[in-house]
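So, here's a batch of structures to check.
One chain, subunit A, links the two complexes that follow: it is found with subunit B in the first and with subunit C in the second.
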Partner chain A sequence: MAMVREPLLFARLPVGGRRLLFGMALFAICFLFAFPVLWLILTSLRPESGVYYVHRGTEFTLASFVEVLQDERLLQAFFNSAMISTLATIFSLLVTVSSGYMLSRFKGPAASTWFGTIYVFRCVPYISWVIPLYFVAQSWGIYDTYIGILLPHIAVHICFFSWLMKGFFDGIDPSMEHAALIDGCTRWGAFIRVALPSAIPAISALAVLCWLFTWNEFLFALILTGNKVPMVTVVMAQFVTEMGLRWNLMAATAVMALVPAFLLALFGQKYVIRGLRI
Partner chain B sequence: MAAIVLSKLNKHYGSLHHAVKDVDLEIADKEFVALVGPSGCGKSTTLRMIAGLEDISGGEIRIGGKVVNNLPPRDRDIAMVFQNYALYQHMSVYDNLAFGLRNKKVPESEIKAGIDRAAEILGLHELLKRKPRQLSGGQQQRVALGRCIVRNPLVFLFDEPLSNLDAKLRAQMRIEIKRLHAQVPTTSVFVTHDQVEAMTLGDRVVVMRDGRIHQVGTPLAVYGKPVNKFVAGFIGAPAMNFLEVTIRKEAGTVVAESPVLKVAVTEPSSVALEAWQGRRVIMGVRPEHLVLGEGLLSRSFAAKVEVVEQLGSEILLESRVGDARVTVARVPPETAIAAGDQVRLSAQPGRLHFFDPESENVIAA
Partner chain C sequence: MFGEQQRFMLFLIAPAALLLGLFQVVPIVIGANASFRDWALYNPKKTWVGLDHYRAVITDPAFLEVVLPNTFIFMILSVAGSLALGLGLALLLNRPFRGQKIVQTVLMVPLMVAPVIAAIMMRWMFNDQFGIVNAVLEGLGMEGQPWLVQRWTAFGIIVLTDVWLWTPWFTLLLLAGLQSLPKEPFEAAAIDGTTTWRVFSHLTLPMLQPVIVVCVVIRAIDAFRTFDIVWTLTGGGPGRSTELFSIYAYVLAFLNLDLGRGSASAIVGGLIILVVGVVMYRLVDRVTKS
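Now for the complex of A and B:
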């Protein structure tokens, strides 16, 4: 005998009621995520004296932004973070794309060793890399340099994103490359001229993820950089001083740091979604 | 001249899987050969070894007299059509067709002429500017065929190219490939699991199972004189009926009998069966070689109809003879018959096949 299931409460509601309920749920979830950001923006616009009294004051000012923008170190940090994120993205993609391709298409000792290596690195807690990396950076004399912060980021990207890239290539039919091999391409030719162009949505998605990862990253930046190469996330945290917390300045910096990430996510979103869908 | 010669071709995957076993095959210049067999029989692997997409574990492949074992695919002067078309998705149809020629550094004017010719043959002119994903399955497969013919290669390889198309389109493309081969005669190897495709397209059909070639022959030979029970059952639709019988000699005539039937065997089968007197063999008879009705009394037997399939042009009957199921084809569509009816079936003379129950090889046909 077939079970007759009572329609659930939601299904029993009239269409208008369903819409209302759905809308409310949507709003609640959005609010949950957006609230901290709204609070941050609000804080950045408050005068220093009003930071702790947001619920009372109605006074708004751009003074925090002006003050922050006059800080040369902060401007340098923005430049550094942007440069390092971009360079890390470019260099790591060069490796990630081909390593993802290899993991997807080749079986054999080389592929499985590589697979095992990045698997192990991926399993090691991220935080436990930091102290050894500090000593390595010190002894190689690359502490607080571009290269010193760039290399660890590239390594992390390769370990984390080769897997994603492998997944993308798994979704691309290899017979297209076989056709290219027959049509006169070498293995590399088939990869570059046929597989890569098909993976462009995926690569764009990965580029966005890589860039955001480095831009938002704090731990490596804190341990591996000092005064010479300040990074945004670290400088932002340095508003916590012995003199007190400069919440308004921190918030202003955070809002500014949010902008490039926000824009990238906004414009990159369609690639990310398309890329992850392959 | 582009004959293909496979000698003692072997393919191992690791130590456990022996995919292709000692395959010997000679394909003449401009011949169309169809490799057919159930999935996993090694036919695609064989084709991919000819293409150079799989390494050869043992043996030798010659194309046009030249050993190609160690040549990469691009140096073998072959073209291949894949099951899922394998068109370059990011290029227009024109660029897809031009890709191979551009790799060979052919001047652009010659490329254009070649594509014009191919587009003419396959009716691709309106599609040249489109991207593959804007085309239907049939159109994509035509483009894939076009990509082969513009290159003017020594050999065409087809890897189940019609499997992704619906039945109607498949029949159309089959004709198109046949016409193409007449217009551009090129040595072709066509892999399929569909025996109808193999029979209709191949000058010769190669039936494979478990990595081995079971029979090579013209479609008629493979159909009419199968060398073993597997080939007999695989080629022909609906499939051949098999019945267990014992061979006896009664009053100078060889008869095949079982508790439910008794059939007189005529020459030349009867001569080969003399030696099998008193032994059990498998008798095979194709559904289309059974007729409803008494026929010659010495060849007929009783059957009970279980299912009647009216096709309009004919009726297919599923019937039971003792424990065995027997399919009958080509029953006139107007015949009044229903499930449950008792009928008599008789086999057309000279259309019985007998197989050794142990080796399954043919004894007499």
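Now for the complex of A and C:
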């Protein structure tokens, strides 16, 4: 006979109490997760004099945003980051979708060699190739240029995204493509007109991720760019040391850098979730 | 020379292989070459010094006693922390309740925040004079801490920041994994009246294991090379006590301006993670096949 167990405290509560507790726990979790961002937003709205006691006082102002927006270098950085992120997303999808398709649809030595290469290079820490890349970029004359920061950003996602795309294509039944081939479609036709359309949810998920990764990336921008091509993350990290105690400006800059990522993620959330579920 | 199929395969991977070659293979080869030479940035004599740089790196007490332990402790704590939290949240979100969409959106917030911004936020919150954390502690009658200028509190904040950043990623992938599990075993368990804990440990966890292992491997390899949050939070300080491997290599190459030594340390770190990566790959292979 099953043991009669004392019900747990939680289960003994009336339904209403249980709901209330559950709701409160959820609220606490959400609050803790969102708190750092909320705090940053609050700090950015405080005037210079009130910033050191964010939790006290009720004055709010948009002056920090106005001041930050007058900084030309920062505006330039926003423009650069947005442009590089968009271009990197387009090109890295072009490159990795086809490479992932190859990994998924073909077996044999060529495919497994390519897969092994990708796995190994995925493990290589960024720093191990970015330090010498600094010299390569200088000797090719692409240090501190758009192309010099764009191409490494495309290269860096090849391994991870090829791997993800392989997984997505693995989940798509290839029999439609076989049918298309039998009907006289070329391999390219089968890839582009049959396989690609069914991979669109996965591709849009990757597009959102790729844009976010590039926008948020720091190490490449730090090493491969100088004064001519400022990037948002690097400019912000410099602010921490240069502006020292002017936390309201710091927070305003950070909030502005968050906005594009938030909009994209809010808009793209359903694609990411749907895409990752494949 | 090639058949039609080979040509097609080649064309599919050619752009990726070309970029990978130019921007990863070529730099690694150049870095490997530099690691055997006397290659200071201000005076690149480029004379051959053999394994001197490697010897200097692996006998450097800072590397052996601070950087390596830090890197591995960070990797383990950060992955374990975000896995545990992420799994808990995924289980929570896996059942329908009112407002689930909102909760899910809020929990995804850290995923969009740049690590640099997250580090700046934490730096501000844990500021010893004006930070909210100390203000709350003092309000509760406790003493505020100089969080970022003591080794282990600073290290703890670095781990905390990383856990905060990556928990949603685990949640998202584990939730997707949970929702793709077959329903029947759970229904059977419900009919048998199995306790929640037994369902979790005997059904959910084993069935979710492949997803968990893949997530852990991906994150562990990424955690090993963490750079941005440490750089922005502490810069490796106080002293050099919170340096991770990437910071160590960066400092050697760009602050001490010694490309040879910097490249050597980057290669040592690369080899270590490669070994870890291969071991993990075996693990994944075994788990996903069984």
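We take it that the second predicted complex is superposed on the first by the 259 of 278 C-alpha atoms of A that agree within 3 Å, B and C clash if a C-alpha of one lies under 4 Å from a C-alpha of the other, contacts with A are read in each partner's own complex, and residues count from 1 in each chain.
We take it that contacts are C-beta pairs under 8 Å (C-beta built on N, C-alpha and C of every residue); 3 or more make two chains touch, one makes a residue touch a chain.
Please read all numbers here as calculations on a predicted model, not as lab measurements.
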| item | value |
| --- | --- |
| Contacts of A:A237 with subunit B and subunit C, given as first, second, both or neither | second |
| Touching partner for A:I142 - first (subunit B), second (subunit C), both, neither | neither |
| Which of subunit B and subunit C A:S175 touches, first, second, both or neither | first |
| Touching partner for A:C185 - first (subunit B), second (subunit C), both, neither | first |
| Which superposed partner A:M256 touches (first subunit B, second subunit C, both, neither) | neither |
| Greater subunit A contact set [subunit C / subunit B] | C |
| Which superposed partner A:W247 touches (first subunit B, second subunit C, both, neither) | second |
| Touching partner for A:P197 - first (subunit B), second (subunit C), both, neither | first |
| First, second, both or neither for A:L69, with subunit B first and subunit C second | neither |
| Subunit B versus subunit C as contact partner of A:T117, first or second or both or neither | second |
| Contact set on subunit A toward subunit C in their complex | 2, 22, 26, 29-30, 33-34, 36-37, 39-40, 43, 51-55, 94-96, 98-99, 101-102, 106, 110-111, 114, 117, 119-133, 135-136, 151-152, 154-156, 158-159, 162, 187-188, 191, 212, 215-216, 218-219, 222-223, 232-233, 236-237, 240, 247, 250-251, 254, 257-258, 261-262, 264-266, 269, 272-273, 276-277 |
| Subunit A contact footprint on subunit B (complex, rising order) | 51-53, 72-74, 76, 78-80, 82-84, 86-90, 99-100, 103-104, 147, 151 |
| Subunit B partner contacts - residues on subunit A that touch it in the complex | 173, 175-176, 178-186, 189, 194, 197-198, 200 |
| Parts of subunit C lying in touch with subunit A, wherever the complex brings them together | 4-6, 8-9, 11-13, 15-17, 19-20, 22-24, 26-28, 30-31, 34, 89, 92, 97, 99, 103, 105-118, 120-125, 129-130, 132, 135, 164, 167-168, 172-173, 176, 179-180, 193, 221, 224-225, 227-228, 231-232, 245-246, 249-250, 253-254, 259, 262-263, 266-267, 269-270, 273-274, 276-277, 281 |
